[in-house]
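Below: a set of structures, written as structure tokens.
Next, two complexes with chain A in common: one pairs it with chain B, the other with chain C.
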Partner chain A sequence: MKTTNLKHLLITALVFVFFWAADFEIFCQGTGGSFKPAPVPTYGNWKSYSKKNGLPADKAYCVRIDGNRVWVGTSAGLALFENGTWKTYTVDDGLAHNHVISIDVSELSGDLWIGTMGGVSQLSAGKFVTYTQFNSGLANDVIYSIVCDGKDIWAATGGGASHYDTYTREWEIYTERNAPMHEPWTYGVCASEEKVYIAAWGGGVIEQDKKTKRFRDHVDPDGEMEIDLFPDDGVVHDITTAVSYADDILWVATYFGLSRYDGTRWKGFFDHDSGLASNFINNLRAIGPVVFLCTDKGLSSFNGESWVTYKKDENGTSGKVIYRKGDDITENTAPTAIAHNFVIGVDVKGDDIWVATSKGVSHGTKIK
Partner chain B sequence: MKKYYLIIPIIGILYLAGHLISKPAKKWARAHVNYITEVDDHPLNCLNCHLYEKEEGPIYKILNRQYISPLNLTLSKEGNKMYVVGQEGNVLLEVDVTSGKVIHKIKVGEHPHSVVLNSNNTLAYVSNQWSDYISVIDLGTSKEIDSLKTGNGPAGLAISNDNNYLYVVNSFSSDISVLDLNLKKEKKRLAAGNNPTCAKISPDGNNVFVTSRRTLPMPYNTPPMTELTVLNTNSQYVTDRIIFEKAYVMENVAFTPSGDLAIATLIRPKNLIPSIQVEKGWMMNHGIGIIERKEGGRIFQFLLDEPNAYYSDPFDIAITPDGKKAFISNAGVNVISVIDIDSLRDFIANTSEDSLKMYANHLGISSKYVITRIATGANPKGLSLSPDGKLLYVAERLEDRIAIINTDNLEVSGHIDLKGPSKITMSRRGRRLFNNAGRTFENQYSCYTCHPDAHEDGLVYNMAAIGRNITNVQTLRDIGDTPPFKWNGKNQSIHKQDGMRFSKYLTRTESFNYDDLDALVCYIRTGIKDIPNLMYNPDENLTPAQQRGKAIFYRTHDNFGNEIPASNRCYTCHPPPYFTNLQMADVGTLAATDDSMLFDTPQLNNIFASSPYLHDGSAPTLEEIWTKFNPEDKHGVANDMLKDQLNDLVEYLKSIREADYYVENPETASDSLLSYH
Partner chain C sequence: MKTRLFILSAFSLVLILFPETYGQDQKQNYGRTPDEMVPFGRFQKAYVNFFDTPQEFTGAGREKPAPTNLKTIKIGVLGPFEGSPLVPQGRQMLQGTMLALEEANKKGGYHGIPFEILVHNDVGLWGAAANEVVKMNDAGAWAFLGTIDDINSHVALRVALKLEIPMINTSDPDPTFTETRIPWMIRCMSDDRQSCYALVNYVYEQKGYKRVAVIRANNRYGRVGTAEFKDGAERIGHPTILEVRFDDGETNFKTQLERIKTLSPDAVLIWGNATESALILNQMREMGMNQPAFASDRVVSPEFLRIAGKNAEGIITTCQYNPDADIPELKAFQQNYRKRFNQEPDVFAAHAYDGMNITIEAIKKAGLNRALIRDVLTDMKTFQGYQGITGKIIFDASWNDIGDIWQAEVKNGKFVFFPTAFK
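And then the complex of A and B:
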């Protein structure tokens, strides 16, 4: 009896060691064992799609996971990946414009809201409804970002932030005329339970209290446009490109670095003092404690402590995974990589990550 | 004696005076009636216009009655109780089916539409279309015990099999409220088709089908396309939007017991070909839409009409529990059409795909599945079958009674009198005429067909030669005091609008006799009320955007400080209470295909419910009136406005209520004669 137990124990230990070693190998990929486990998930097994294998265009602006489906906004229409195949919707199907820049899925209705270069399209049960600056109260037809917040739809447009109440059908426009913006050009929008945050070009972040409808702005107090003169005094730059809120943290992207705001304090992150791939951040998306950052030099992810960055080798299909925690940096090679280092959009759900780049869209899975 | 001597000369003087003025008075009256009616032989009956057309006050109350007007009904699961929605009486009637007596009259909200019972028949839910809530009725005490807030214009209802959710079709806000009956509040609201009306849950409980009446917004001058919305009760998402091409006014839908087919009533308008086609059977056709509920299922449309006989305004549909027969109420011709469903299935199975498509317009095939027509009283609407399917109950809306039809011998076996007023007033008679297709060539359509609920159907019509003078249908709500009529303003009265010329150019049959014409005009002037604007102005307090828009509406200077000429300010042509100055105007929208003319300035009351806009319906939304069709500022100075200002103006326009509100509250207009800053 005792011998049997001992055997079982040994076998279990061997199996554990085997899997641990295999796991370790996957992540270390020959780095000599100096790996320290990254606190943010790591993704790999990248498979990319471009015009060659089903995507309507190489340039992918945005991506959104919708259950078993994945929607990708490209420069030649809205692409749907379902059951391993791609289907494309264009203006011929009722889409407002073929340049699809932003997508969100309404949890309330299941409808897809699509921001394009020619207005907003609502895709509901396979049928498009289009809202433009001519046929509706939409502020402007260039939609950089769209967000579904319950019954409310928010769009960051080239002519202000638009709010549409799908119950009352009322459109509201927020510009420098009625909100503390520098100019009407808005780039990003996101919502928390109590507030809406708008990334306003040159105006930092505009915050609206949902109950009182009152605004306040978050700008860079040092007012310096070339450098972040005083660290952590506010958002790192007044030119903001995207906002995302999760786990009580507001993340703000700029072309000059990343800002994190916990409701009290701001903290800035830059490529020279953190794991951020580049200060030029096109977009970001916070999922739980982790923020995914779309830069011109790869995709970074960060949980406030540790960084994981994905880059594609300039020549070839392999890539790099760079871990950083404090000053500890670990760089691993990876057999697969994202489609291109100019990353524009990202979405994560469960073990899947999808990344939109200027040369196609990439699907990765969680490997740790 | 002396007194008599005094009276004689007085009588003499009066007689002489009467004799002297009677002739010119009669001449004046003749000229007046001739002007109003545009004919020279209409009887000089002053009372018809000057008494019966009173819209309020004691005379109105004396001459008119509060009818019940049963619209929809349902039976208890045992079939011994019937619950009837009295649309005009604002009541839910509980009827003992065995005795045929009304046993309870339960007051509900304004203009109730539908009723549905929970599975154990302890509660009834009634949708109050003009009050925006659901009355919850305890059927044990026959009392309203609760109210549930909905979207705008609650109409059709469906309850989930577990009684946990009520699906409410909001007919004015064009969405579906999902009400959590345990929490007694709205869980979510989902977009439906345009002007949805009916909700039916599938036999397996997995889907709710929602019909709609108005076409989806379509490119200008293209045929209508109307949506049947499919909601999944498990995900509570809309999972399909089935489009019926070239069809509209889909009032109701029913499922076969197995659920393999869904059959909806519909109308197929030929609005883009000249209306003279009425003589060829091509103005309006009435039929059904069939949905095969399976993977790759097809959609068909077939007519209920026959050559030389039309069955206008199909409303409700009920299918027997054995799935053999379908009954359809043809509200415009007072009949129930009976369909043999097996014959319908055989017909579909033995017909090629191409032929099936063609049959959507074929007048000769209804004989293959319509087995008989059963005559009813005026304006048959809602239908309900007894649990065993042996009896069909028909709400005869303009009779205030329920017809009982034996579904075996297909004959009317009796009636249940709902005890409405026994007197048929002139307005009621006019309403019957309005809802009846009898005065149109071969019963092709009634006034109601193009003016559902006395509003408008959202279509444009080619009323003249091909492509000329395309005309957007106008509402009939509260139009009595807004002459002239027609977009070209050629009709100075409703008498003229609905008189000889109407029959000559539109209905292509005998015109209304003068008694009927007077009754019809009486109904249009007194019996068609405007809806309350609960969607955009529920509590008379304008939102900040509406207030800003109101200031723009009444502004005298543009954004650059330039004075706007009085003739080009919004309120000059659109003053309250009707928001029309009753004048003709050129707003720069005359199309190349229009005859040269000015346009009658339309009233703006409840304008939110009247898309598309402009005389030819070329503007699908209010915004487009100014973003696309006002390049030279002829339709008001607007090109100086920023987009948010236009939004505010549109929000104010959508908030404009029924005219009575502005009559009773004149300060709501006067307090806004301020300049815009």
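And then the complex of A and C:
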């Protein structure tokens, strides 16, 4: 009798330990793959640039840090910030179109790949080469997102996603005819070591395995446009606007909230249940464990556990920094702020952050 | 006791005489969805409802001064004007906008400056609509109207957000068009969600049919257009028994119809363009399929009546326009349209006329600033309840028109319009 009891006790203890360990594992994965994620840095000392001090236009769509240089896509050309001064490139210099809405730098060649509203421009050795629907395999001339992935260039357009192999100079186009998209509209693209992820408007996220070339789609399981039934069952909405992959996490932006995918589980975040500044996310960029979210109500950053949001005071130049972890919220005032709360693009390198907004571009540095 | 009774009676009288005093607090489901058709409504409350409130635009731009020395005030019109089966509809849409614009110019335009239409064809290489909106922007358009095909509307809409140019849709019934949360568009025409709810109500509730088969165009118009019908039917306990598809341009539908015939449905829903729908109806009758037929609004056209002939009798559709409505401005519009274009205006012309009038009025109210024009178009006040020639326009929080929709039945070779029971 005593032996049986002891057996039961041991089995119960083993089962308890097993489930406790499993829960612990789930918890770890759910917060970014490590028990304590790296802290979200705080940026400050903002300095903004607009048409008044060197930018060709107030409206900045995108920004990319390239060593000591910073490239900014505006509604009136491509701006380069170098050694404290601005230089502008326009169609007169060979740029495909003056509305520059996406930029990436090739780590292989150092070339700049520029997505405009009139095709792609490649800035190589000081010269622009232009690709359009008429002279290349671009699916459409409005390039919402462009990504350099080694020798491969990916461009997301409203007519499909285009892939360009810079070694073979061959183009491929992916639409609803050869990929599991509902429609050919693509608005964001990013790459990991093994996969390419495409934000497909109305089709959630499409991923392509680089080796097998096979596709897989991730859609909102409830299948309804007007609701999200469960926040953690998949991407929060099928209308996706941007994707970014880093630290084994895929982040997905929508105009309805944020989604995070660790390869196994999805988790949704909304402005009412997290530190996200707004559900309307124009763009995002993941750098290491932190994702930076360009919303229409400020810039949010998040590491899976803690949030830091930057906002500009509506009537002034000062700003505020809002920290949130769980239900704990702290709001600090800051002497400087981002140029505008309608944030469209962001890039971070080392201690520097650049933010493209509706009313100029801002440079901040890490302060904590 | 008498005092209490008096107070109670007075209170009841107030409620009866002024129902809006309590009616305003009654929350309407998104898209006027009937309670029994709310997605998952019987089982699970949604974690988030996305369209309870309109999406605001928080970007810069309202401070931009109006330009001077303009010779014309440009408004774009994007549509299928060449190289598409939708050209006849596109032409009607364009003509509707032209008539409104010409009338505005006769009244002095914008402070004496005439309005001008920039015509852009949405048919072309992949995503042509996107490139055309960029061209409109480069040409200085203050807003644009368009388009009919839902693929092109979506593509254009995304550029509208990026370029921050107001988009007024008058002809695309795709429910998902306004379910994008882009705060730069409005649609002043009822969508297929409203059509489908009206049809579900009529087919199942009023007529009492239980087993309905669907034959639809094998494209986005057919897929998205019938989605709410199928969902609605299923949610009230009558899932559609079969769905078969056809391609645009197809002329022989016997394979699909044989499958439907085998199941002996109570009724058949046809969803496609006028020509294919008419051919399907003809072949149904030839095959001895005498089931009642229902169809999408695209069959409300002379082309359908011509091809279907006697077989058209009794077919019932929805329609976002009642040409026989007792609206004095509608009669004047019809008269002027016939005089100007020597043609009877259709649903595309009528809504385009309303859409252009709204656009012109918004520009006049806001001035030459796109963000301010957007504000006026989307403020849910200025144009809420706008009395157009197509009826009263009621915007929901996604800026979709959820105003009244009609049904039409072919009687003696003509479409006879009547209000839907779905309210």
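FYI, the second predicted complex is superposed on the first by the 330 of 368 C-alpha atoms of A that agree within 3 Å, B and C clash if a C-alpha of one lies under 4 Å from a C-alpha of the other, contacts with A are read in each partner's own complex, and residues count from 1 in each chain.
Rule of thumb we're sticking to: contacts are C-beta pairs under 8 Å (C-beta built on N, C-alpha and C of every residue); 3 or more make two chains touch, one makes a residue touch a chain.
Just so you know, these numbers come straight off a predicted model, no measurement behind them.
> Looking at the superposed three-chain arrangement on chain A, would you call chain B and chain C a clash or a fit?
fit
> After the superposition on A, what does A:Gly160 contact: first (chain B), second (chain C), both or neither?
Both partners, chain B and chain C.
> Looking at A:Glu226, would you say it contacts chain B, chain C, both, or neither? Reply first, second, both or neither.
second
> Look at the residues of chain A and decide whether chain B or chain C touches more of them.
C
> After lining up the shared chain so the two structures overlap, which partner does A:Asn178 touch, if you call chain B first and chain C second: first, second, both or neither?
first
> Once chain A of both complexes is superposed, is A:Ser124 in touch with chain B (first), chain C (second), both, or neither?
first
> Could you look at A:Lys151 and tell me whether it touches chain B, chain C, both or neither (first, second, both, neither)?
It touches chain B, and chain C stays clear.
> Tell me the contact category for A:Trp86 with respect to chain B and chain C: first, second, both or neither.
A:Trp86 contacts neither chain B nor chain C.
> Touch check for A:Phe215: first (chain B), second (chain C), both, or neither?
Touch status of A:Phe215: no partner.
> Considering only the touch criterion stated at the top, classify A:Leu108 as touching first (chain B), second (chain C), both, or neither.
After superposition on chain A, A:Leu108 lies in contact with chain B alone.
> Could you tell me if A:Ala139 is touching chain B, chain C, both of them or neither one (first, second, both, neither)?
In the superposition, A:Ala139 touches chain B and chain C alike.
> For the superposed model, what is the least distance in angstrom between any CA atom of chain B and any CA atom of chain C?
When the complexes share the chain A frame, the smallest chain B-chain C C-alpha distance is 6 Å.
> Identify the residues of chain A that lie in both the chain B contact region and the chain C contact region.
Shared contact residues on chain A (touching chain B in one complex, chain C in the other): 133, 139-140, 159-160, 173, 175.
> Using the touch definition from the top, list the residues of chain C that touch chain A in their complex.
Contacts found on chain C: 30-31, 39-40, 44, 46-51, 55-61, 125-127, 129-131, 134, 151, 154-155, 158-159, 162-163, 175-176, 179-182, 220.
> Quick check: in the complex, which residue numbers of chain A touch chain C?
58-59, 61, 97, 99, 101, 117-118, 133, 139-142, 144, 157-160, 173, 175, 183-185, 187, 201-202, 222, 224-231, 236-237, 239, 255-257, 268, 270, 272, 280, 296-297, 340-342, 357-359
> Quick check: in the complex, which residue numbers of chain A touch chain B?
It is residues 108-111, 122, 124-127, 129, 133-137, 139-140, 151, 159-160, 166-173, 175, 177-178 of chain A that touch chain B.
> Applying the document's contact rule, which stretches of chain B touch chain A when the two form their complex?
Listed in rising order, the residues are 151, 173, 175, 188-191, 227, 229-230, 235, 237-241, 243, 535-536, 543, 545, 620-621, 623-624, 627-628, 642-644, 646-647, 650-651.
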